[in-house]
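Each of the next two complexes has subunit A plus one other chain: subunit B in the first, subunit C in the second.
Right after this comes the complex of A and B.
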């Protein structure tokens, strides 16, 4: 798993790529919690994520809950079909705001 | 002589009048007793009194409930003032009611208390007034007022006042009786409505199954209606959904919220057979509309008679008691606050769930009315008393066991302090019918698609996923199902790494996938110390360890999930996916 954190138009964009599984989720969790500890809304770009498991989903839930508590925006972007399936199985697909692309996400927030 | 004769005349006359008074009193009494319509009877009484005392007019005033207004309920003679209202202290009649003393006013122009307003309205001239209050003990009801004596010197006498006072007392009593009768009728109406409400409430409780059905419940309301409820029903796949709840407070408002919550459960329970998610939906629904800080504590669960497993979510309710086959008791504590207190911070996130395997034991869910109910001697039953009763009647059928608990409390607590509700899920009979052999490898036949032994390390999971995906490509299942199965096996291996081997990165996982006609069988074996599958295993989304959510994902994907202790030690997880 790789990750990249960038700033765009006052928003923190966290992009993951590869598999977010038990081996990598502690790292993903750390990155996500750092992002939602900041002052900007957070977009999580999952376009490069082929596989995510319960530990990855749990990290995203924890980040979402932290963001809500701090009144920060938190949304997912470009969730692949296979990753979306895991959210559906966990009944968490309605819990997250999910945008099709990064550009959509910025357009929706305007 | 003449004087004496006059006196005699006067005496005879007086005697005759007294007889007349008694006659009138008796007539009025009969009239009141036989009357169904108090207003008509009062009008007749006023006419009789007015005629009897030879006044030009008479009126009966009643004080309203607040004691602020006098209203003319009946009148006769000189003027028609029925319906007229006066301040409670206005005029002679007001003074008479306030002081609760009868009055004779010979000349109204001499009396500063006289209210000329009425004459101004009617155009009539009131010269003299006779007024007697109607009261029973200290309760003021109103007054009867007569105006303008017609005979003799046109002046009312003290005798007239005595007569009027007697008649007024009789009328007062009749009015009070009529009011009490009315209140009784109203009370009866409310009681009947409560009984109808109770009947509807009882209809919300499930029909009792026969003795062999594993789930039974009892509800005894403390009052006519109850704030407690329970329900259970079987799903098409044989699993049984059950719930038990307790609405804060007692009485009608609690009963209405109970009806709402029970109906929501009935309605949603069949489509949302995951207790944690169901309670989250109920919470948001109740929090949105609940008033006056009312809330609901509730336990919801799903029991699978085929495996003995129970999934349970507890929103602020008394911990259910699990009575194991080894005669130990385990309390399953609440994992979330009561429903309706506040909407979930993140809507849609399920409440935490507990999972346990009854393995021939029984689970008891109950309200605090049971543990706080008085038993003989004035003590409360408490959890200890409940355990003792369950032990004492352990060999009886579930309905008999529950009846014993209820009987113990209803016998000691003559007026129940709180509603009593208890629900039991008994796995005893089901466990006897359950095949015990499904953990032995010989049972599973078919073609071996994959046999893989890997070190129990997170870094090896990618390899496992690749191997499972490759094996799935060799069996007739679609791409989506294949991905789901890869996820389920990954999650199962994670559980082994995290919970069986406790992240110690030593030990192995043995994975075997077989393909039988119509189903795929996954067997995941480890060699760690046995995990107690009967033990309560929490699933909490706030707790971000993967185990709980992973188990949930496994169950979403697989059709059968069972843990066992294989010969030679370790743990064996057997999962079955049915194929079309």
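Right after this comes the complex of A and C.
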């Protein structure tokens, strides 16, 4: 798994690539919690993620809850079809805001 | 006209070849072979004493076989050392018949057990994962209950939650419907179908429940008296001309297949050579 954190128009964009699984989800969790500890809303770009397991999803849930407590925006971008099925199974599609692309996310928040 | 496109067959994630197993001197499995393809629901069906539970225990590496090979996710389980077997087991989930929950631990702690055993995840991550799985099996909010406070159907669901906590590639279910009323049993069948649909998991179900088997199976292996009678789709099984297979589907006992000599030896506790077992 690789990750990249950038700033765009006052928003922190965390992009992951590869597999987010038991081996590397602790690293993903650390990156996400650092992002939501900042002052900007957070977009998590999953367009490069081939597979995300339950531990990765749990890290996203924890980051979302932390962001909410801090009154920060937090949304997901480009969730793959297979990951979306996992989200739907646990009814997480009702909890997360999910955008198709980064541009959509910025357009929606404009 | 162009040539027909040929798609590769799904990988075989379970391969059992000519498995022979004894319990004491008694022959339980008489050369069983079966394959499970990635992403399918395979139901191993048979009546009491057919050998289906023994077969499952062998596939899971819980019993020592007499002969034959078992490959799980491509690995010949007889060649693996303890650490390799442990690594393989991380990719496999098992929902045992009685639930096999530890009575002294809460439902949530039971579900997190495999995570404590196999990972170093943060406790918060583990707790969220457990709650997510409870949500999936429709037991949201039950993590602090003790197993004794659960009904039979809820216990089975909790066992499913624990079995899928590590996102296994193969989920084995031992008699998921046994002892449940038809409505609860049917809901568990729906859960199995949902898990496969959403997670793409390969699922192997061992059952004697014909109705459940026909509802969930992509393919069925019919086991009788330690032998595979037939493997095929539900439609193929239903249409099969064999009286033995139809009897199994319709739960008619075949008293005429009893070997009187073997039966007498069994009753008197003598093995095939005339000695005591």
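Quick note on the criterion: the second predicted complex is superposed on the first by the 110 of 110 C-alpha atoms of A that agree within 3 Å, B and C clash if a C-alpha of one lies under 4 Å from a C-alpha of the other, contacts with A are read in each partner's own complex, and residues count from 1 in each chain.
Criterion: a contact is a pair of C-beta atoms (placed from the backbone, for glycine too) under 8 Å apart; a residue touches a chain by one contact, two chains touch by 3 or more.
In this text, all values refer to a predicted model and were calculated from it rather than measured experimentally.
Once the two complexes are laid over each other on the shared chain, residue contacts for A:69 go to subunit B alone; subunit C is not touched. Contacts of A:82 after superposition on the shared chain: both subunit B and subunit C are touched. In the superposition on chain A, A:19 contacts subunit B only, with no contact to subunit C. In the superposition on chain A, contact is made by A:29 with both subunit B and subunit C.
In the superposition on chain A, A:94 contacts subunit B only, with no contact to subunit C.
In the superposition on chain A, the chain among subunit B and subunit C reaching more residues of subunit A is B. Residues 22, 25, 29, 53-55, 57-59, 61-62, 82, 85-86, 89-92 of subunit A touch subunit B in one complex and subunit C in the other. Across the interface of their complex, subunit A is touched by residues 118-122, 124-126, 128-129, 132-133, 135-136, 165-167, 194-195, 197-200 of subunit C.
Those residues of subunit A that touch subunit C in the complex are listed here as 22, 25-26, 29, 53-55, 57-59, 61-62, 82, 85-86, 88-92. Subunit B makes touch with subunit A in their complex at residues 274, 277, 345-350, 458-459, 461-462, 465, 480, 483-484, 487, 490-491, 494, 497-498, 541-542, 544-546, 549-550, 552-553, 556-557. By the touch rule above, subunit A contacts subunit B in their complex via residues 19, 21-23, 25, 29, 51, 53-55, 57-59, 61-62, 64-65, 68-69, 82, 85-86, 89-92, 94-95.
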